[in-house]
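The data blocks that follow each hold one structure.
In the two complexes that follow, chain A is the common piece, with chain B as its partner first and chain C second.
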Partner chain A sequence: MAAHALACRAIGVTYGSLKALDDVSVAFAPGQIHAVVGQNGAGKTTFARVVAGLVAPSSGSVEVSGNSVLPGNVAASRAQGVELVHQSFALPPSFTVAEALEFGFTGKGALYSRPQLLRRWQSHLAALDVSVAPSARIRDLPVEAQQGVEIARALVTDAKILILDEPTAVLSPTGIEALFQRVRRLKAQGVTILLILHKIREVLAVADTVTVLRGGKLVAGPLPVADVTAPLLATLIVGEAVAGASGDVAAALGAGEISHTAHRGLDSRPKVADLNALSTRPDPEGPALAEASLAIRAGEIVGVAGVEGNGQRTLVRALAGLVETTAGTQHLAGVGSEKLTLAERRRLGLRIIPFERNVEGLSLTSSLWENWVARQLVEGKLLSFIAPRRIREACDRALRAWSVRYETSTQRAGSLSGGNAQKVILAREVDDDAKLIIAAQPTRGLDIGATAFVWQSLRAAAARGSGVLVISSDLDELFDISDRIVVMLSGRIVAEFTAPFDLGAVGAAMTGAR
Partner chain B sequence: MIDLIISILRSGTPLVYVTLAGVIAQRAGVWNLGLEGLMIIGACATVLGIIVTGNFYVAMAIAMLLCMLASALLWFVIDRLKANPIIAGLGLTGLGIGGTALAVQAIYGSLSAVNAPIGVPRIGPLFGPFAPLSIFVLALPFVVFGMWVLLRRTRFGLRLAAAGEHPFAARSVGVNPSRMRLVALLAGGVLAAIGGAELAAGSLNLFAQNMTSGRGFMAFAAVIFGAGHPIGATLAAFFFSVVSALGIRAQLSFGDALPHDLLQALPYVATVFGVWLSGKLRGGLRAAGGGFGELRDN
Partner chain C sequence: MQDQVALILRTLVFIIIAILLCAVIFQIAGFSAPLMLQSVVDGAFLRQGALPQALRWGIPLFITAAGVALSFRVGFFNIGAQGQFYMGAIFAAVAAELMRGAPAPIVVPLCLLSGMLGGALWALWPGLLRVRSGTDEVITTMMGNFIAGLILVWITSGPLKDPSGSGQQASSRPLEAAYRLSTSTGISPIIIGIAVLVGVVMWLLVNRTAFGVLAGLSGRNGTMVAWQGARIDRLGLWSFAISGALAGLAGTIEFMGPNGRIASGFLPTHGFTAILIALVANLSVIGTAFVALFFGGLASAALYLPVMAGLPAAAIDIINAAIALFITAKSATLERLFKLRRAAR
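And then the complex of A and B:
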């Protein structure tokens, strides 16, 4: 039917034995904003990539405005006016904005001079109200501007269908509002928009229809948003069995009432970490810390909010002793720690759940027991005797206690799913001797069940007397779990809030509007 | 003075062509350590081609074809068989050095040099004292400029760079990064063949075993020194040949007063110095998005 802007017929995608998409048939009306929602692993991104031609479906077909599109061919999809904006942006960092817009362009002018190039794209950016200089380099842009450029890139050709894959994940609350404004303007110009989202609140705020995927299957949709409620949508997303099981599930979907933990008289507890006007050298992974002061008391969960790339990684590296400090002091468990190595800090009770689970957190090619015992070996003596059999037995006990689903402790860590891999890290890092637990993006990429598990584990650790520092770009997560939230901007700690938290105030602090 | 300029142009020109081959491969995301092998294949094929056919242009075409084949082999091993590009490149270099030596031995039964009756056409008396230089020296400025336009001022150049720096970004706009790498390596094969031909038949008209003696690796260093920019890398390559020419000069002037081996080592010392300097000045190729990182495709 030509009435549909986009129609997918019985699309299936299989990776080995995994069915990423299973017989998905759905059609979208033109000129509307369509949300596609689902948990992690529901197949949202795969769906977007099939439509854009980046992933070839193993069965089924895609039709745009009634014309069937050659599957798995980006050029063919683009020729039909389908453009995809990726979750993690796909622009070469060394390119200037103008070059990034040009390289995907298919019109005239394949040979250019630099001023020509800048002029060509200046007006395009202006028309879309993306306020960046065309001569700026992609890597120097803040994440919101990068997304603006990515959207502008997607619109260099005459896009009829614009797909945005989890565009809100990297944005501050004001950035999200600006994005929604932009999306509505595009809709007014007649562009059909597919928004991949995972927050129910955002779906209800911006979309005209909503389509739900679960486990690679189409559950419902497209349903008019006017006809759905948040609880109904939550049930559709997680399935009957899980829904309502825990407040954490609803909170993880951004739908539940946020339960504010009362400030539990923590002020008298000892400080497990105390940064005093700490400045560091610039770090390759982010800006330098600038006079950051932060104290974490035993039993307290402190959240670190901020748009990504504002010094959160440097903060973690400073606490771990991986970046040189230039001024200020830091204490760990009451001991002056500026000069200590990571091993010495770990002996004092520092535990880290790192940002990149599969890079920093685990050695994917090593066995589970080696990964599990690494912390104890680092803390132990250099020439301490290792008895692998006894360690494997202890590892088995620990992994069972943390309900990790695995076959044998000698299997490689890379063979575990994201949630189970994170549990192995928790089993290693969360113990009775932990004084300060740094949890960096502890739930990123995890499904709802694993997310709730991580939150419970961190709460339990705090209840046992550990101080917990949670770094997350998910404000709902921080609001739900933290006793106190600090906001980082350009390497500084610019604001501090105690529960109950105000989304507007925290969001304003994140963008420096305050 | 003119002698010095001529000697710099003679030693620098082959190096620049091979450097450009490295630049285009680097833009496409391949650190081509097979340059040495490509260059010597080009040199050997040109000389043998001239001996067999008696025609320089036919010989040149054969050399280009062989170098493109060798480049295609490198692409196949890296891109299709997923071999480590560094190891594969070194393998190609070994193949080139060993294979050409074997070819010369098998055909002429000698370990020493093979002489060709003619060489690359010279630019002629119109250019006065520069007459004995080859046409490839004359073509060099145009080739470098053309390369700069192609890589830095065309959409093709942007797509090539995107394929090298962020293959997923390239795929997202419908560019096939793997095909881009093939195109870059084939073009590099042509350039390296010219570099080899210039080295062997640009002035001496002979091929000797291992006659490239590390020039391919110097070209690789020039790519890094010049931060992957065609003009920067060209200047870097000429810097190396200036040092080398001055070394020869010093040897002639001072004779035995300076140790002979030290002077011969000069260009290589300059290479190390240049790479260190480029790292100091602007983080080397990290600025151009390079480095020895894995090809990113997600």
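And then the complex of A and C:
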């Protein structure tokens, strides 16, 4: 039997009472692309961090090329040639590319000259086919280039094992294809690659073997990819009980064919939102909106696709009235709304499930009932009297109706899991008076069950007559749920598609390659 | 409920530790710690007439602290209670001077309102600076304290100067007896009534109005409240205006009640003690009332200490400072101890 590039023996990691990894023993052959898959919370990222030495396991050991590695020690792992590219990029945004590369490199000499620095890393980038100027600042780079630099950083030293944690989550379809080609080239150079992935389609496209984690336990693997099918993988990932229960599960896992929603003849319904050539000031979190035109009709679900940072946040802020508009008009539920405050827009029926669940959506240190009632209080008069007990009772009824798992309405919102926290937001934002529901990344970080719940809730809201705008970087999600998809690029709405959607065409629009 | 009991117990433990620590320090410095502890307890609570004295000092502290607690709740940090307290007293004194000779039922309410207006205005400009140009309100309210202190010096040694005064401390002419809210005891039905009214109104505002809930939410996570459509700036400005008005009211009560005049640099630590009270009470209105009474007791003990224990009155300031240190630092060891106890339960 050939020596393993990486062998993990009985790895266990516990956080308090939670077993993030439980007795995971797995070995990977050298020079191949190994996928590690599982739901959110299955322990994939923890696994990657243990291998990279970022997390000390409470039990078990890691061996690289037959040498055992000091557990929980990044330097020891790197000395053995293990490098990790993080899910959320870890390069200092204010550094130039060359500085960031030098930072991870313990080279010789204490004195630097800028030209020398640039020259040294120019050739490194060129060798890896990363087309980025070494003098560019990290924060100015688009995500795909940032990822290229991250990979280049990981390969500064002589890496034998490269771990990429969910590298596809931030990329457009074209970007994903480019990443896969880069990974295949590295494999040809003899690097062993561990890809933490989320989507079955991507596993089948790029990996040689696949390993499945569920609830911190090893379910299967490494299995040769040639021996598995999409339905088999889906069952392994979610477990027998859930698999096959719903088409949403397959869509959430990106398992093969994407289901299409037929366009349901909505053209005669009234417009709940109508943006006409709307431009805004630049937003701190992204480019300004540039002459964006978009109409959403009652009962319609419109998806917004695009690589992150192309104005999606500004679009939501513009609809919310939280960014100053410079030109164009907007109507909400038939009323001219450019000048309206967010409170006034909410009275007209605007509902927002914001991007950042734990910051914009909930006050984690406040009680559930305060979080739940906030919208009604804002819509009412500031000095109106309230009856906390009656609010708590109403809150209990609402949270039960939304099947939130909680103990008491006075517990802090921060004590809930991600899925339950999102349900609290749904309970607040999805009601019968909702005319336009904006759902920004509504399923990010949720497990399959909670994801399916969110989608069903949004569909039900649309069926009751609300217009729904879904912003997501997950195309499978958008394809599954949307009646219509618009694509944003640099603050503009550059394309519009109706179901059935074509992955290639949407992907091309996202990168402007049309 | 259990959490609240735990919170109160923890606060008590911190206060006791702070006082014991001071006792140790005073012992080392050559004073008698047992005698000091005894005279603090006696002076504050046990001796004859201790309760009225605690109320005399505690009521103005409570009124100011209730306002400070509100502003902290919203996340607009009003450190300028001292200045607003002075401006309240100044506005009331000027109003009283202008209306000299008018009947008391007109003068007294107008003076009270004028004092509240003065405090509110002195809180409003730092609030507006924060809302309009993002200036740090902690700095501006703090600077406001110094400016108000200097205005007080000017007013008492200039426009309102008592020509018959000969002491080193400049002060205004004494208020006519008809306009006084109390004698120098500082306790009267009117003052107690005002304190109760402030307590009830503030409790209702914080616990029974939309404003109160949104204020609490925005103090803990302003971004979330902004995404709900609430105007955080407006919540913050109102909380500043209210807390300034209450500090001004406390200043007015000191002027029209026990003091009967304003003197330059009077009660120089009032506002800071009020901030401490609000923090010790964990920003709760009812808690503020009890804690203010406690600190009122300590303040009255300050007059009693030199006689009984031979300690300087400033010893009480040291105890206050020690309590402040413990409450704000929230010793990690003790926190862990409490967590363990809770886990064991």
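Here is the rule we go by: the second predicted complex is superposed on the first by the 508 of 514 C-alpha atoms of A that agree within 3 Å, B and C clash if a C-alpha of one lies under 4 Å from a C-alpha of the other, contacts with A are read in each partner's own complex, and residues count from 1 in each chain.
Definition applied: a contact is a pair of C-beta atoms (placed from the backbone, for glycine too) under 8 Å apart; a residue touches a chain by one contact, two chains touch by 3 or more.
These figures come from a predicted structure and were not determined experimentally.
Novice: Clash or fit: chain B against chain C, after overlaying the two structures on chain A?
Specialist: fit
Novice: Could you tell me if A:P388 is touching chain B, chain C, both of them or neither one (first, second, both, neither)?
Specialist: In the superposition, A:P388 touches chain C alone.
Novice: Classify the contacts of A:L364 with the two partner chains as first (chain B alone), second (chain C alone), both, or neither.
Specialist: second
Novice: Is A:V470 touching anything from chain B or chain C once the two structures are fitted on A? First, second, both or neither.
Specialist: neither
Novice: Report for A:A509: first if it touches chain B alone, second if chain C alone, otherwise both or neither.
Specialist: A:A509 contacts neither chain B nor chain C.
Novice: If we overlay the two complexes on their shared chain A, which of chain B and chain C does A:E102 touch? Say first, second, both or neither.
Specialist: first
Novice: Is the number of chain A residues in contact higher for chain B or for chain C?
Specialist: C
Novice: Output check: A:V304 vs chain B and chain C. Expected answer is one of first, second, both, neither. What do you get?
Specialist: Touch partners of A:V304: none, neither chain B nor chain C.
Novice: Name the contact category of A:I352: first (chain B only), second (chain C only), both, or neither.
Specialist: A:I352 contacts chain C only, not chain B.
Novice: Considering only touches as defined above, state whether A:V373 meets chain B (first), chain C (second), both or neither.
Specialist: Second partner only, chain C.
Novice: Between chain B and chain C, what minimal C-alpha to C-alpha distance in angstrom results from the superposition?
Specialist: Least C-alpha distance: 7 Å.
Novice: Both chain B and chain C touch chain A; at which residues?
Specialist: In the superposed arrangement, which is not itself an observed complex, chain A uses no residue for both chain B and chain C.
Novice: List the residues on chain B that touch chain A in their complex, please.
Specialist: Spelled out, the residues of chain B in touch with chain A are 149, 153-156, 158-159, 161-162, 165-166, 168-175, 287-289.
Novice: Applying the document's contact rule, which stretches of chain A touch chain B when the two form their complex?
Specialist: That would be residues 52-54, 73-75, 77-78, 84, 86, 90-95, 99, 102-105, 109-114, 153 of chain A.
Novice: Residue numbers of chain A touching chain C in their complex, please.
Specialist: My answer: residues 320, 322, 341-346, 352, 354, 356, 359-366, 370-371, 373-375, 377-388.
Novice: Give the list of chain C residues in touch with chain A in this complex.
Specialist: Residue list for chain C touching chain A: 204, 207-211, 213-214, 216-217, 220-221, 223-231, 234.
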